[in-house]
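So that you can tell them apart, the chains are marked A, B, C, D and E in the order they are listed, and the count of residues begins at 1 in each.
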């Protein structure tokens, strides 16, 4: 190999510094690998069953889509509207509550006890099965759509709060530093240092949570206020595949609609407005 | 408010004449758009709050909040003696959650990159991947479970497949959007060095997306621990089944112990996730 | 909003009758058909009582019972176990019991994919499905002599809240002297169709479900009636019924009971109930027969 | 420049750095027993090799990097002993120009510049983005001074490197500061712009008497614009004296090898 | 430098820019009918005011910014008409040093430098992260040349500004390029380091005959290290001639006002 600098005759062979050994990291990685291996080794799975999967997939697609019962479409649309209403209210309430909280739960903006408390709250909400949350709310507001919306709102706070503080912590620190250096308070650092960088994340979290809420079946179904998710699970339980096919089409279209909005919003924020 | 003269106005060399008004360019049009969007949100919310749609009944809340409080209090009395019976379901759940998470994450890693603009500039393949994922996400777990039981039988396998599909949907959605929002500069440097897209993704995009990816993977692990009702549906056992069993007989004390155990799992995963993030970000 | 007026009367006994009522209809999972509306019932009751009745089809037993307990629902169409729980925990009165095809009860079935082992006679076909050991009588109990052979087999069963998928069959096994914790290999599932499919696919040799859950999966696997053979039926399990919240005055309770019973006796009413809920008649309940499920559960140590 | 109601801007602040050591978590000692006395109204250049601790010094003076040991005093305030409210106020009086610009890329140039007014604006106004006309006027003037008034409504991410640096400078000017700390403020600028900016900094210094501390890696600029020069090497002060008269020996001290030799190496 | 099997590295490439106009989506015309002929082996400096289009020119030559009209040819390849595979190969032969460094902040310095080898590495090796010993040796040498070999295993985000710039330079050197494009490669460097880097670029140019195109905002550097100088103003070429002899009038042309006057303004 001819070296780039033949003129530097005095130069000795380049000795690269030794790669540092990161003990902690190595330990953590091996622990994670060990856990994964143990789980794979111990779990009782007949992987050979996978072989029949492709044929079966075709069979079920045929059951669902060869003769969809379109007569269920109006009902499906009505239930979708219901779901969207409840999901909307649930998401808006969830956003209103989680938005300020997720900033307070991020490292570096609120006292440690507040932070720990909020994180604990988010975790607790996520640890309680959705159905239990719904039953608690049900005893207050009855078997009404409002219960559905409130249950969705509470559940949303758990996840939105978590995603929110993680995103705030992941934002580039430079602008925050600049605001601090200009004498900005914490709130101002959040507004002008963090928010411009985190806004895309937040919008996509909100829209994604909205999408989840539209589909959330367990909670709404049990309350008996219906919704598209409930309809889907009911017809699935009674294996009426031709109706399930129609419902799936509706849900996919709704999901894609939300995804498209989410994409447009994010593009706006990341690339700037389209002043073309 | 103005007191001292600006230095610029004292400088003879400055092309701008002293005291001349600043030629501030006009504010670009379209500033109303965010406000319009905000107004739409408010209107829609008001509409859903109206009695014709959902109806917000503050009255009922004021009157009946005690009912809810009673039930929450009931949940604060764990029956510790129930613990031995929760051990096995907990282990089953963790086992399957880990397997599903590992498989799901392995699948989601390349797919996330195919679904994001900076790491997959080809709009057709990207569109196809996103479409497929929309479908995967749109199908509820219960449907996966119901179909898979008939396809591959009951047990851990259909449960794990259902969870994997569910996990891939979430990880890809969240991670690909993070990639979309990230700084393009480093990727551009890779392109300028003549790297193929795959190479860029591996060497440059991967380390940048890693925190988000690890994060979502851990989040999904947590979801899998919680979403164990799916596993119950397909005969894979786990905590979900136990939750259903105890609540059938209104054993809030036993339920509260199970919740406590899930909470511990959630907190541990949260802790790991925050440590990992602090190391990686 | 609908039910709020009826609540808050925990201290002073039944207060003035409410201006609106909520009916919670929980379709019995053992019913086999899909129920998605309570409207015909509530429309009729609204006319008959002069009180606004709103209805919801709830799919969660616990939610429905808790709603009655919290004064958020006053009329409950509940499965047998939950009827008993509502009356036991929240003093609801069980007033009516449903009749399906002339029966006020139904049996749980034990199925197998290995008729050679479990059938003492040649399986016979009824409605395209195979039965043996006299289970084709379609009334329980039948073929219970054969269940000792279940010892050591893989068995698909439902959660312990399901009378047909768990309580009755497990009790039958216990009575036959089998240790259900260690003597069989349990494959827990949460739905009746999954139990049938587990047997069909060979994941389990024996499965429990209500009679006859095989109908649900015929669309997926048309030959289920041939592959999965019912070899025993348990004791009869009481059908679902109607419970009324303790918040309602005795007069109103009577009024509701009479109205519903009369409705099911008229030809049109009976027709509607059959079409939508497969109920042919609402008969006065005999509370003593209702708690047999609870007793069975208690024998298993589930309470 | 406008005079904030409660303060006389022309009364600028001195900076005292007492035996400060800064060690980063990774183990790098970026500053090692640095002691400096900078009088109010001085114009100081800090020079040194890349990695010698220039940025760290500047950030320490603003309290953005906590000291491992030692003490930093600006005006009468000892950093580290202040309440968070006081810290905000103190920082509001220190204009800072970052080496990496630290702009919020996804918002407009104007919003970035108005960050300089945060310390003087009630929080509710900031949250709504409803700045007073006077604040905006100040921002426009600062933008005009650095010559990018026409980019006011652009997103910061759409600017060229030099334009971004000028936004960062405008932000600091908008603060009406008592001390200006500048971390290589002209690194990405062409000579006319660089001279204009340095000239502006000097004018702030001479006309309003504001203390200015600038990291520079160009010695000619340091010599030309500083009244005093501080040389850092591996986290230690190796030169502290008049800028204009710093000899070649001094440079050798700072850079560890003689300038001439470097030039030869280049050939 | 190693000789890639199928190519003789010393045979460097010319660059031809034909009547190129670049308009950004926002409506800014960054280049306006630029025509340049750069022979293989030339050492060219590009100077101009901030925002005059220097970065855009460099990025156009690498195909990172598509031309709105006109044509760019490097070597025998006309950009825009190539398959994506060919584009990769062509870019692999063009070393690029970005104004904003563009490092992957969350990975090690070594990994960043090895990006320079990607065009010569089979994809499976990249996926495994299994670079050859020879590639790594090349990376170490490049790091050593820019003087930060000791930072090899650090995360890129932990480096000082100047150190980051040197990583970016090492990355370009590791490519063993036929053309080097450098966008203000010394903006964040102290003079000795700056001279070292410019000296390196010149040595690459003189010894290996590689074409070098450097954006510089410092005229003395442009004069000293370029054999030819191109002056840009508002997207147009306003000067193209020898670097050493460029007169003050030329600078006035490029910068729109005389240098001397600027210097006075600074006083």
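As a working rule, a residue touches a chain if its C-beta (ideal position, glycine included) is under 8 Å from a C-beta of that chain, and two chains touch if they have at least 3 such contacts.
By chain, with names taken from UniProt: A, B = Phosphonate ABC transporter, permease protein PhnE; D, E = Phosphonate ABC transporter, ATP-binding protein.
The structure presented is a predicted model; accordingly, all values stated were derived computationally and were not measured.
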Remotest chain, subunit D as reference, centres from CA atoms: C
Furthest chain, CA centroid comparison against subunit E: C
Highest C-beta pair count, chain pair: A-B
Rounded Å distance between subunit A and subunit D, as computed from the means of their C-alpha atoms: 41
Rounded Å distance, subunit C centre to subunit E centre (Cα mean): 78
Centre-of-Cα separation between subunit C and subunit A, whole angstrom: 38
Multi-partner residues of subunit C (each touching 2 or more other chains): 1, 4, 62, 66, 70, 72, 191, 193, 217, 220
Shared-contact residues (touching 2 or more other chains) in subunit E: 26, 100, 265
Set of subunit A residues in contact with two or more other chains: 131, 135, 139-142, 144, 200, 237, 239, 269-270, 272, 275
Which chain pairs touch, all of them: A-B, A-C, A-D, A-E, B-C, B-D, B-E, D-E
Interface residues, subunit C side, partner subunit B - complex: 1, 4, 7-8, 61-62, 65-66, 70-72, 81, 85, 89, 156, 159-161, 187-191, 193-194, 197-198, 201-204, 217, 220-221, 297, 302-303
Subunit B residues touching subunit E - in the complex, by the definition given at the top: 11, 13-14, 185-186, 188-196, 198-200, 202-204, 207-208, 210-211, 280-281
Subunit D contact footprint on subunit A (complex, rising order): 174-175, 177-188, 191-193, 196-197, 199-200, 269-270, 272
Footprint of subunit B on subunit D - complex, ascending: 1-3, 9, 134, 137, 140-141, 144-145, 149-150, 152-153, 200, 203-204, 207-208
Complex contact set, residues of subunit E against subunit D: 24, 26, 47-51, 55, 99-100, 154, 158-163, 166, 184, 187-196, 198-199, 202, 217-219, 224-225, 255-257, 259, 262-263, 265-267
